[in-house]
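The two complexes that follow have chain A in common; it is paired with chain B in the first and with chain C in the second.
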Partner chain A sequence: MVSVADTEPIARGRFARWFRRSEAAQGYALMSPALLVLIIGIAVPLIILVVMSMWTRDGFGFDMTPTIANYQRAATEPIFGTLLTRSFFVSGLATFFTVLLCYPMAYYVAFHVHRNKMLWIVLMTLPFWTSYLLRVFAWRVILGYEGVINSAFLSVGWIEAPLEFLLYSQTAVIITLAHAWAAFAILPLYVSLEKIDKSLLEAATDLGDGPFKRFMRITLPLSMPGVISACFLIFIPTTGDYITPALLGGPDGVMIGNLIQLQFGPVNNWPMGSALSIVLMAWIAALALVFLFLTRKAKDHLA
Partner chain B sequence: MDVIDQLNAVKNGNLSRRAFQKSLLGLGIGMMTTPFTASRAAAQDGQGTLFTWGGYDVPELYTNYEAANGALPDFAVFGGAEDALTRMRSGFVVDVAHPCHTDMVRWVQTGLFQPIDTSRLSNWGDVLPELVALEGNQAEGGRPWMVPFDWGGTSITYRTDLVEIEGEESWDILWDERYAGRIGMLASGGDAWWCAAIKAGVPFDQIATEMAFEKTSAALREQRPLVRVYTDDTTTLGQALSSGEMVAAMTWNSTAVELQYEEIPVRFAQPKEGALTWVCGLMMHKDAPNPDRAYDIIDSMLSAEAGEFKIGSYGNGHSNGKSFEKFTDEELQGLGLSANPRDILDAGQFSIPQEQEWESRMNETYELIKAGF
Partner chain C sequence: MKDGTYIQQPNRGLQVYAIVFLIVLYLPVLFIPLFSFNDSIYVRFPMQGFTFNWYVDLWTRDTVWAALKNSLTVGLWVSVISTGLGGVAARAITRYRMPGQSAIITLAMLPLIVPGVIFGVALLVLVSRLGIPLSLYTVGFGHLIICLPFAIATLLPRFEGFDRSMEEASADLGETGWWTFWRVTFPMVAPGIVASLLLTFTISFDEFIMTFFLSGTDTTLPIYIWTQLRFPREFPAVLALSTIILALSFVMVFVALWVGRLGVVSDQVQATIEGN
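Here is the complex of A and B:
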């Protein structure tokens, strides 16, 4: 007579053997916590977003018949296009300036600092230990009507009346974003610059390259991965940024993130808000692909 | 295993991997379970939650509550009533919320609220009856949906030294091109739209008509290039007025009163077309987790002491008749108030509750205008 208790250890042993042999199963088991978080935290909300974007607002509730009317509105009504373009413009400029300003800093630490490098990096990222909101408010104090810049210029006598374009404008948003996200540029830039083999630079010098040519032919192409990841790390989140334009943008500095928030808040049109989020995501993905393609081309060209 | 043993092992550098992992496990379990025990303890001693406008989270309004419960209520803050409703509809549960009369009817329609048992409020007898008998405020059994708390006006706070007034004060100040770029506006449509309707000459009983809609939005569009910033943050408006960054802004009574305390030359205008008047009150969530404390919050806010603070420091009216006794008629007039709320509410223009469709459309249009379309 074969009892249940006899077969069980065999089955368990078989499973264990299969598990030990299969690398894929081990891999998935190892990933499972992260995978679970990804599914619950990203995939499910994304599906909800896609489904909801095809509904229609109906008083307090939703009309759940699928329709693409929201996407049609997003494509035709001028406000959506304008705000989307403005968001890309603002965050594009912010990305450009951040990378431009952070590159020399990262370069200096990577090539000219030989002791306590970690301390330098920590010091550079020190301002980012305060909260994002606090940094935005700090810029309000600096750029404000009676702020640091205006009072300084007034007391020196460079201006007669406070400069009003400093606050509540796109300029204010770009300045603040460029500062607030600097840490996300310095770190990847530093890592990629640090990895460059110094003997390549010596070789270039031996073969007759001046400092500028050496930088263009060796340092820049080899640090390109850092530049690209810095651009992505800044461009993607800043495009949808909500708090900086809300506090510093004024009427003309509103970005697409603010419009999406409004759809979920006072305007009370969640389906439209979902559709706008999806449109934004699609645009960012498309722009990122184009950017990746162009930088790859440029890299091939340089190398 | 003893802690001292382990510490010695670390010191001597011979802590075994197994022992180390065991202590890590212990630490992990400890950290995972601490929040549970802590939050259960907090839930037992949880204070009531009040969902209210920014600026109401001051201890002076809740002295009775604090005396009874040993701490202040928990606050959650919103910038506009429509925003608050959306958050509660998506599942945010509070004990007491603080909408205005214009919002009340739509809030009741969501089915998220319960009528208030006034027999549990010790200050109910002193509440001004005119403020309770508002349109749509009668639930079953003679109970009200909303207990009135504060009332007042939305008008213009302007710098008397920087704005030139010809003749009577008027809403035209906010539309004056001489002050382009130096005008502030409230961002919530609940105030701005109604004030623009007054300026455009739309009678409130016709505000839902198509023509009224066009006239009002045209007025707001015309004003938009003059506006420095749209915000619901009264501090931002107050600071801008005191520095001269703005010369005039749409505000509630409180901004003017606060600036006058700082001796900044401002006035809260009484426009010839009428100011916008409002009554706000307290509603109880149907699933209020702490109903007893909810009644404590409401009762504390209705007390005469809270009212005196509200009148004296904010320049808002209060719903308790006794709150006005400490003030002379002259003082009240200076604040733009009267012990008889009807005097003020009838002199201004009292906004009328609207359907959800209208409210959403209005908010959407106002957002479009603010963004420049």
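Here is the complex of A and C:
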């Protein structure tokens, strides 16, 4: 008779041998702590959010019968559609201006800076690592009713009364977002411009292209992957931004992120807030797919 | 052409643009320290005179000290844990071929792209369903999720440029696993680890939105600033506190970027987006 004690070492030995041979198993074992955090911190909460979005508020508790009532409200009540459209409009404009203004900067560092490139990159990205809250707060100091711009213009005598459109408006939100997210545009633009083979530009010049034609026919098309990633990296996170509209937006500048916070805060309708988060996620996922498709297209076009 | 190409020729217009760009990039934030020394509770020109009063005022506030202590505690723990987790993840990704690897990287990088509000409320829903009270632990866990992608992105290039033959040589020469790690592996990835520690600490120290949803009665400095913003009287004190935080962040991040040569982070992010 074979006792348990006899078989165990063999089994263990077999497992150990399999484990040693399987790269995937070793890799997963090594990264299991990180994986666990990712699952508990990202995957599970998002799943629970989906589940809760199908509940309804019931006094201070929840009615857990699955329903799509929240999504129906999100689709039919004008306030939700308006805020979603406005969020896309505001962050779309902010994205456009950021990329437009950062492109020449990235171009300059990629083509015209030869010494201390690293220093330039650090200088351009340094502010991005400091507190987002404080960078937004700085704009409030500048754009405020009695802020830097208004008080400076008043004391110089350029204006008679403070410019009211500066603070608490969509303009204020767009300016602040464009400024705060500049690093997200500069890095991908710089990387794609830096990759361009300089001999192509020389060839174009030798064949008679002027600077403008050379830029339109070679530099710009070859940097399109960078432009697309820059748009993606700014547009997606800013649509759900909370701080900037809350500090600078006023009633006209409220965006979807603020509405979601309201549902979890003062309004206290968590299921509705979950549904709005999922709607925003779905839009983001759809847009991400479009961006991916465009990137592939741009790459195929170049290849 | 004599020296290489026309590309080498300086372009005055672009040069001016680049300098104006850098000034505009830094100028808004510089108004915060400027007005923090202004002897008036109004933030407006003309300025009234120089004072340190707002800093002295901060020094005497117990709530500020408590918030600072919370921020430091959370920041230290989060930076160490996220760098540790990022380290094992980066090592596993570069050392072993695993199915589903790109899916894991995408999952880890999600917090870089998805708006913070969504992760904030999602974690809030999770902890409240589990009946966990809001505290600095929930704040720390939220920060961990935000910091992990930065830790991985900082460490991956270090592990990727890693020459495995060095480790093999060490093992062949009779070193044990631990000694090989300590004397060969660790020194090679150390700059990445230092950069990751500094960056994740700064991100945690400055983090607002996750803390906003996940903090209980104990708050961090950014939340303290947020609550004070409602009172116009407190504006100068907020400016003084912001100045200190900004100065600290600038120094730490400058060192981190310099040590870690962070230009590569964008490559990583871009590669993730493009699904490579």
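Everything below uses one rule, namely that the second predicted complex is superposed on the first by the 247 of 303 C-alpha atoms of A that agree within 3 Å, B and C clash if a C-alpha of one lies under 4 Å from a C-alpha of the other, contacts with A are read in each partner's own complex, and residues count from 1 in each chain.
Quick note on the criterion: contacts are C-beta pairs under 8 Å (C-beta built on N, C-alpha and C of every residue); 3 or more make two chains touch, one makes a residue touch a chain.
Just so we're clear, the structure is a prediction, and the values are computed from it rather than from any experiment.
After overlaying the two complexes on the shared chain, residue contacts for A:101 are found with chain C alone; chain B is out of touch.
Of the two partner chains, neither chain B nor chain C is touched by A:65.
Of the two partner chains, neither chain B nor chain C is touched by A:76. Of the two partner chains, chain B is the only one touched by A:267; chain C is not. Taking chain A as the reference chain, the count of touched residues is higher for C when chain B and chain C are set side by side.
After overlaying the two complexes on the shared chain, residue contacts for A:146 are found with chain B and with chain C alike. Of the two partner chains, chain B is the only one touched by A:251; chain C is not.
Touch criterion met: A:57 reaches chain B, while chain C stays clear of it. Applying the stated contact rule after C-alpha superposition, one finds that A:179 touches chain C and leaves chain B untouched. With the contact threshold set out at the top, residues 144, 146, 264 of chain A are in contact with chain B in one structure and with chain C in the other. Considering their complex, residues 23-24, 26-28, 30-31, 33-35, 37-38, 41-46, 48-49, 52, 101, 104-105, 107-109, 111-112, 114, 118, 121-127, 129-135, 137-139, 141-142, 144, 146-148, 150-152, 155, 179, 182, 187-188, 190-191, 198, 201-202, 205, 225-226, 229, 232-233, 236-243, 247, 257, 260-261, 264, 270, 273-274, 277, 280-281, 284, 288, 291-292, 295, 299 of chain A touch chain C. Within the complex, the chain B residues that touch chain A are 80, 82-83, 86, 89, 109-110, 181, 188-189, 224, 227-230, 240, 243-245, 356-357, 359-360, 363-364, 367-368, 370-373.
Chain contact summary for the complex, chain C toward chain A: residues 5-8, 10-11, 14-15, 17-18, 21-22, 24-26, 28-29, 31-32, 35, 42-46, 84-86, 88-89, 91-93, 95-99, 101, 104, 107-108, 110-119, 121-126, 129, 141, 144-145, 148, 199, 202-203, 206, 208-209, 212-213, 222, 225-226, 229, 238-239, 242, 245-246, 249-250, 253-254, 256-258, 261-263, 265-267, 269-270, 273-275. Those residues of chain A that touch chain B in the shared complex are 57, 59-60, 78-79, 82-83, 144-146, 162, 164, 168, 250-252, 254, 259, 262, 264-269.
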